[in-house]
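Have a look at these structures, which come just after this line.
Heads up, the next two complexes both have chain A, just with different partners, chain B and then chain C.
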Partner chain A sequence: MATIAAVEFNSWPAHYNFPPFFTLQPNRETQAKQLSIWIQLIKDYASKTRLFSIDHSHPIFTNTEISRSLTQEGISTIFDEMIRTSQGEYVDASKKDRIFIWWQSKEVWAKVLMQSAEKGGLLNSVATIYELLNDHTPLEGMEEAMLVKVLKVLEASGKCEVMGGAAGGSVEGVKFFM
Partner chain B sequence: MRRRGVGVGAVKDLKAGQEKYKEKGNLLQENLIDELSRNLDQFKTKLEAFAAKHRSAIKKDAKFREHFQDMCATIGVDPLASSKGFWSEMLGMGSFYYEIAVQAVEVVLSTSHLNGGVMSLGELQNRLNKSRSKSLKQTEVSCEDILRAIKSLNVLGKSCGVIASGKSKSEYLIFCVPEELSLDNTTVVQYAAQSGSPFVTVDSICSNLGWTTQRADSVIKTLICEGIVWVDDTSRGRMYWFPSLFMANKGFD
Partner chain C sequence: MGGLFSKKKSSESRVTEQDKAVLELKKQRDQLKQYQKNILTNLEKERELARKLLLEGKKDRAKLLLKKKRFQESILEKSEKQLDNIDEMCHSLEFAQIEIKVLDGLKSGNEALKKVHDMMSIDDIEKILEETREGVDKQNEIDALLSGSLSPEDLEEVETELEKIMEEENIQMPKDVPLSPAESEALSLPEVPETPLPEIQEKERPIKDGKKVLVPAS
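Let's look at the complex of A and B:
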């Protein structure tokens, strides 16, 4: 699909060339299937290209080869379904125009982060957010707000302490525990 | 000069003669029957021997199976259809078509969330052979095998069947739906399959079938409900696509 430049992605589902795929289906069962194919596509695409958030204007929602674009209503319905099933989260719940994509769950990310902290000798010391999102870390490229959500999971189970971030301020660092 | 027989004696003679003829006739008839049944026995033995000898070819080779089936049909036996008797023992495949029918229905039903239970014969054959090849014992089936198998399901009612359409057999449509397809619904599916395009519009139905908008709308509504068509809103109006026709040979996941 030539629509999306500079990205190598070849796992388009067969439905991507099926024109009605871009119209929200009125039949409930058909729509459920349609949404699940869309969500799988978005997650596959995101994990392959390390895309952490997506909004209505993303080119994935347009297939120029068959001249079809998913309607705004369609995109909103997909976002809602992803949020309902914990596969997505609004970046700004008051705007609802953009969502974080949990192509793997927060819990899995938390495990990955913990393992990397152990390996990197970060236990019992303070690490900056910047450090954790640095190149060549498993969370490379993740948006800061998303990382904070992952850290909250670890904090809730007593594996780390987040510093700063109170009263809407930015999170400054994190201390991991053994 | 001998007088022609009159009186009791002559009647007796005549009767005796007739008895003799009758006896002879019976004997001849018996011989004939004997001969015939001997022939039949021989034929049956030969057919059995043939079947036994070519057993694996019959099971493995769809083309060979078709010829064998034709040959048997001309003398009025259908060795592959019955599940009892010496044929099933001989070939170990009496339930051959029964098995295919069950598998075919399974394949169509398992994808009904995608196509509403309508699938082209070509796709069905691909999927069936793919799933059969996983089991070593099971052999490739041809389109003819599947058609024969599906037709044997007629006794179960009208919710499974074949819509003959398109030029080749692989374009025929097989359906397994919860409610039987009404005549109007079948007509629209058939029209779509024959039109060579995987979608229809209300206008195209009306102009090609000479229907009122209302009639076309009502069929479309049912087809959407059954998941047989998907809706496509375009700048040129609504189109209704058949996943079964669109994906005839590609196959959705």
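Let's look at the complex of A and C:
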């Protein structure tokens, strides 16, 4: 699960070194602004380093330079906000400790996947989940559960059919259609 | 074809048994690929380890390790062949499915053609052609009847009228029309030279009895 960031993230915004940024703001309006900045930062970070999920212990929530870190409550608030605005999704809704980051919406991912399937000549044929996540596809490195969610979007519009996954089994492959 | 069913989320699956087989094969392929990846990283590690052992002077252990490495390499080769086999199988399965589709296409095309042919049977065509011929015949008959309705006297009259008209034309247009003065003026021809022609030396001609005699042209 621990995806090591291959690319160094170096576009930290100025407010990352601003101590109050790491304290959940009591004022509702200020907090809303703070949350949206945090979410933007997480999404930028995730898209640059191709991080697909994040949990409470991620180093992004701690700035050693100014020795500040966001509280568990703060992180949970951010996660909740991300989920509310469908920019995130619990990996395990019963634990709520880790969320998927949709730095690109499911629908956009679906489009990207479909385009790559068309280019790769995968239409009207079967592809495995492993194949979609490993062979230098645009979705490389994405977590399986996320890919399945993207596939469900495509399936709803009749562009593909997910194979396997019935009766609680894991999704094994997908067939793309024109 | 599938597009028709895509809107309503029908319970009818578009995934065929063959697709499932292909998926199984591809899963096998993925496993092999993963296995290869493992072996490759292992090989790299072991080579490093063997080098280290050699540096430490543990020649026997290094040798053993290299043997193991060699064995893994042979496995890698085998798996490569299996991968090829699987890929081939996948392709032939997929291609067979495409062939079925092509066959279906040909079949439906054939049926459509048959239907069109049924719509115009040979009998119909013969009947139509027959009718056309009859029509032409009838038209000819009508023509004959119409022209035949003139009496012989009428025809004679027609002849005389035609002759009359032709005569009139002749009178109006005599064969040699003299040119009007204006016309002859416009027609200026070069003048005839007035100087006498130089004397031509007369060739010897056979003269008989002082008279000129015709000579056959040579």
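Everything that follows uses one rule, which is that the second predicted complex is superposed on the first by the 170 of 178 C-alpha atoms of A that agree within 3 Å, B and C clash if a C-alpha of one lies under 4 Å from a C-alpha of the other, contacts with A are read in each partner's own complex, and residues count from 1 in each chain.
The criterion applied here is as follows: a contact is a pair of C-beta atoms (placed from the backbone, for glycine too) under 8 Å apart; a residue touches a chain by one contact, two chains touch by 3 or more.
Keep in mind that this is a model prediction, so the values were computed, not measured.
Student: Regarding the shared-chain residue A:105, is it in contact with chain B (first), chain C (second), both, or neither?
Tutor: The answer is neither, since A:105 touches no partner chain.
Student: Which partner does A:19 reach: the first (chain B), the second (chain C), both, or neither?
Tutor: first
Student: Examine A:130 and indicate which partner it touches, taking first as chain B and second as chain C; both and neither are also allowed.
Tutor: Second partner only, chain C.
Student: For A:33, using the defined touch cut-off, is the partner it touches chain B, chain C, both, or neither? Pick first, second, both or neither.
Tutor: first
Student: State the interface residues of chain A toward chain C in the complex, per the touch definition above.
Tutor: 125-128, 130-131, 134, 156-159, 161, 163-164, 172-173, 175, 177-178
Student: Going by the contact rule at the top, pick out the chain C residues touching chain A in the complex.
Tutor: Touch residues, chain C against chain A: 2-3, 5-7, 9, 13-15, 19-20, 22-23, 26-27, 29-30, 33-34, 94.
Student: In their complex, what parts of chain B are in touch with chain A?
Tutor: Going through chain B, the ones touching chain A are 113-114, 199, 224-225, 227, 230-234, 239, 241, 243, 246-247, 250-253.
Student: Can you tell me which positions in chain A touch chain B when the two form their complex?
Tutor: 13-15, 18-23, 25-27, 29-30, 33-34, 68, 71
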